[in-house]
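There are two complexes below, and they share chain A, which is joined by chain B in the first and by chain C in the second.
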Partner chain A sequence: MATEQSTRTPATGSGDTRIHNIGYRSYDGPRLGRSYARLSLYSQSLRGAYGLGRSAKSKVLPMLLFVVMCVPAAIMVAVAVATKAKDLPVDYTRYAIIMQAVISLYVASQAPQSVSRDLRFKTVPLYFSRPIETADYVRAKFAALTSALFILTAAPLLVLYVGALLAKLDFTDQTKGFAQGLVSVALLSLLFAGIGLVIAAVTPRRGFGIAAVIAVLTISYGAVSTLQAIAETQGDGDGIALIGLFSPITLIDGVQSAFLGATSAFPGGVGPSNAEGVVYVLFTLGLIAASYGLLMRRYKKVGL
Partner chain B sequence: MDVTVIATESLSKRFPRVTALDRLSVDVGPGVTGLVGANGAGKSTLIKILLGLSPATEGRAEVLGLDVATDGAAIRERVGYMPEHDCLPPDVSATEFVVHMARMSGLPATAARERTADTLRHVGLYEERYRPIGGYSTGMKQRVKLAQALVHDPQLVFLDEPTNGLDPVGRDEMLGLIRRIHTDFGISVLVTSHLLGELERTCDHVVVVDGGKLLRSSSTRDFTQTTTTLAIEVTDTDEHPDGTRAVRDALHARGVTVQDAGGLPGAGHILQLTAQGEDTYDLVRDVIADLGLGLVRMEQRRHQIAEVFKDDADGDAQRKEAVGHGN
Partner chain C sequence: MYDPTVARLTYRALLGRRRALILGALPLLLIVISLAVRALAGADDQTAADVLGGLGLATMVPIIGVIAGTGAIGPEIDDGSVVYLLSKPIKRPTIIYTKLIVAVAVTMVFSAVPTLIAGFLLNGNGQQVAVAYTVAALVASIAYAALFLLLGTVSRHAVVFGLVYALIWEALFGSLVPGARTLSVQQWSLAVAEKVAGGELVTSDVGLTTATIALVAVTVLATWYAGQKLRTLTLAGEE
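Up next, the complex of A and B:
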């Protein structure tokens, strides 16, 4: 910084080359354009989802939820190692289903953090007055929350996997289960991020966003599992599968029990058949695509 | 530098119910240009089109030689934009925020940090830049908004009502800063305001729009220097207890029309007249000397742009409305 120069304030006095008045310096360096800006927004949003680069207060909840996600996995591993069990107490694919309340809470707290703030403080126009466009903004935010959720859901699986290997469980079995678990939580991350962002992007009020996301995730799950329980008492197996389409977590449950070797958490433990499973996959992918489409539509309107 | 920074050609923007811009053709050169108009005159719509964010219904526009319809992203890389409304998250510091915005403009991380430090210093933010923006005064927030528009060293900045909400001192400081953006930083400025008076002091060129139409576009010098107004204040003596009136009558007798300076406090003692040339100054001096009065002051007053428009706009109610905000 000592060699700062200004063309408008040349040094006076011969021999003295130090320049005291630091005038305006123009910038001739590289301008990295749209894709770099999108990447910057992605990394800023991803860090923000764990409170990094934000106040200490906003680190508390995401970090706490991360720990809460991982602690049961650590305990299971410890038990498995200590008791020399032949298998882990919980399947890789089942873990996220069990911990769904924590995941929902995370989405509810971080989705509004990611998008409602920009709307509320009207920062969005500043983004769009720069090279990026609507699609870049939506993709960066979507990818960031998906990645944050993937970190949240995949970390405990990693703990389980490492623990399982330490406990000298069957390597092939465990690796296959771990891989299936990763595919499942990746899908779950995409789905939850999409739903969370669509709801949060509707309102500039963070509180409303949090409440709405929690409501949508828990009410849909509560309604679906109640209806499924009723269907089971009436012996309506097809009904159970059909009803399961209508809440995000049962959707993931259905997909993974049809194709990822998971045992279903549906009443009666019977997941959808393969044909029904295809519908589940299509429904899941459709929802993710719809979330993206809705976000694009939403931000088309939020110009300057 | 290009001769023309902004050029529009019968640019129109129609919404289902309103016509925001109506066949606007204007050329803007380098320097500080004021865009004046009442609220709803189409200023923000114009900026939006110039940033390539909203397609024009018809006509075309170029910014820095780039077509807004096809080169929006390239334009936005070279220009800065300071919105009228609040746009700052309260829970981050000015430094963090401006660094982020610099990176959003495509600056590599290191350059973003250096440019942020420089720019915040230039707009007059020092130690407070590490504190969360939520605790800033309105003036400091305006400076942060300005900094984020300048941080990527654009060739042109759009400043939308930068003096809004500032007290008179803050207003003057902001206007001085805007002047420096061109003179010291070499960046052209398009600044909007609904106050003609403050643009008069700051701008090289003023464009007036109303109802989406161009009212007038000319340099500030044209506005204010076609005629010179002289303001005169004299003392009273025993011989002439009302010196002001004596001077007025004497000047009347010589065929010079004199007006009172208007309704401001103390203005009763100030006379205004239009100087036709060097002769007028001599005449005033001689008249006052003959009466034996003391000349307290004789100063040049630049016309307010508003006055020029009042003359232009006679009989055109719409124009008067636009100009009415000028004082």
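Up next, the complex of A and C:
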């Protein structure tokens, strides 16, 4: 031992105590940096939203919901091909409205999965010890859930579109409908992801987050459609449009029936007029911006 | 069979902090909507039945049942603190029974009371609609709480499965496939309500006898099986 020590530490005089320099060197090569970390967080979150890279059990629900989303589209296509119909049984824009329960369940189950566990196991400060900042974390999570939702809602539209082309339906007509449908589900994905994440980011409890998200989405829709039905019996057309502003799915319905050529699912089948449609679009964009702002505020001081 | 300490802890887990807020927000919304409907449409028995049935019994009661039923035991199993409870010399079925009573009480308070208030606001209990739906909410509370408490002991994703049952099975399949309605807590409780109202407004697809048997069977079996599950509970890490 004595010889070994003496080789490592040059003798600099007696009584001089020092820590051995055992040759650790700091890394001074190129670093991947902030944008790479953000991209990794995004891809991890997106994969996580479908259970990829997680346990088999947690793949079951998102995959099941994805299949449930696509199967009706496949059946519709099969029917359209078999009966040689002139048109698809359902509009591209209408599909997401019909399947809203599935979409809500998906948001409710995956939004808390994405953010609540980071809060609960206090891993958020660890993320921020990397070169990413609050805005990067929020953007990555927001973008990941939006992309996941877009995949969920656009896939059945793609099935419908491919099926429609195979059935030799009118090309321009179908392409236009498909494009309108894609715009509408993109807006829907942004809106639902924002609402889901804001609610989920408040609570570290996953189960509670799920219940809260689903409560907000379904209760607001239930309340709005009840009130709309009553306004319909009163013959109050403006009332229907006004009430429709207060639940996410009717908001999307209003936007697409005003500008994207959709027939409204509102009672009476009368969507908002163009002027009201502008209010709908502004309201939707405002909600998306507000949820982004709230998330930023939430993560400004979390865990610190 | 009833342990006051367990009950106290469960009450605190269910209603502590912000949890009471969401539980309180839903009934409040129902009451606000009832007020709005009354102001817009005036007192109308059919409207009252639609609001109470569609919004109250079909949406609000199951969601509160899910929150209270799974919330009574789920989080404890999830974070592993249930071992401290299980290691005490209390019978496992007693724990389940106590938690069930708490969950039922919470669900009843947060669903039946607002239903009654909303009913009176909507049409002043005309044709016994308010009372009928309140009875339905009371009955449904017991069955939902027992069912979702069982789910809480069986699965980590109890909330999701509970919501899938409440929203997809009862609401979606129930409206499309008539057969699904026979196996729905909502219809069973409606059968009881139908008996109370005795009119045309509240109708159910199942008979009163079938409904009563089904309700009792589901509650008793779910509670018993939850007790059995808790006896052989395996604790595992997250996911």
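Just so it is clear, the second predicted complex is superposed on the first by the 272 of 304 C-alpha atoms of A that agree within 3 Å, B and C clash if a C-alpha of one lies under 4 Å from a C-alpha of the other, contacts with A are read in each partner's own complex, and residues count from 1 in each chain.
Going forward, a contact is a pair of C-beta atoms (placed from the backbone, for glycine too) under 8 Å apart; a residue touches a chain by one contact, two chains touch by 3 or more.
Given the structure is predicted, the values throughout are model-derived calculations rather than measurements.
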Open item on the list: By the touch definition at the top of the document, which applies to A:227: first (chain B), second (chain C), both, or neither?
Closed with: second
- [ ] Report for A:195: first if it touches chain B alone, second if chain C alone, otherwise both or neither.
- [x] neither
- [ ] Using the superposition on chain A described above, determine whether A:49 touches chain B (first), chain C (second), both, or neither.
- [x] neither
Open item on the list: Taking the superposition on A as described, I'd like to know which of chain B and chain C A:219 touches: first, second, both or neither.
Closed with: second
- [ ] Applying the touch criterion given at the start, work out whether A:70 contacts chain B, chain C, both or neither, answering first, second, both or neither.
- [x] neither
- [ ] Examine A:208 and indicate which partner it touches, taking first as chain B and second as chain C; both and neither are also allowed.
- [x] second
Open item on the list: Once chain A of both complexes is superposed, is A:109 in touch with chain B (first), chain C (second), both, or neither?
Closed with: second
TODO: Look at A:101 in the shared chain and tell me whether it touches chain B only, chain C only, both, or neither; answer first, second, both or neither.
DONE: second
TODO: Identify the partner contact of A:58: answer first if only chain B is touched, second if only chain C is, both if each is, neither if none is.
DONE: both
Task: Overlap of the chain B and chain C footprints on chain A, listed as residue numbers - done: 54-55, 58, 117, 121
Open item on the list: List the residues on chain A that touch chain B in their complex, please.
Closed with: 8, 23-27, 29-34, 36-37, 40-41, 44, 53-55, 58, 117-118, 121-123, 125-133, 303-304
TODO: Give every residue of chain B touching chain A within the complex, in rising order.
DONE: 44, 47-48, 51, 53-54, 73-74, 76-77, 79-81, 83, 85-92, 96, 100-101, 103-108, 111, 115, 118, 122, 132, 148, 152-153, 184-186
Task: Of all residues in chain C, those that touch chain A in their complex - done: 18-19, 22, 25-26, 29, 33, 36-37, 40-41, 47, 50-51, 54-55, 58-60, 63, 66-67, 70-71, 74-75, 78, 156-160, 163-164, 167-168, 171-172, 238-239
TODO: State the interface residues of chain A toward chain C in the complex, per the touch definition above.
DONE: 54-55, 57-58, 61, 101-102, 104-105, 108-109, 117, 121, 202-203, 205-208, 210-212, 214-215, 218-219, 222-223, 226-227, 229-231, 233-234, 236, 239
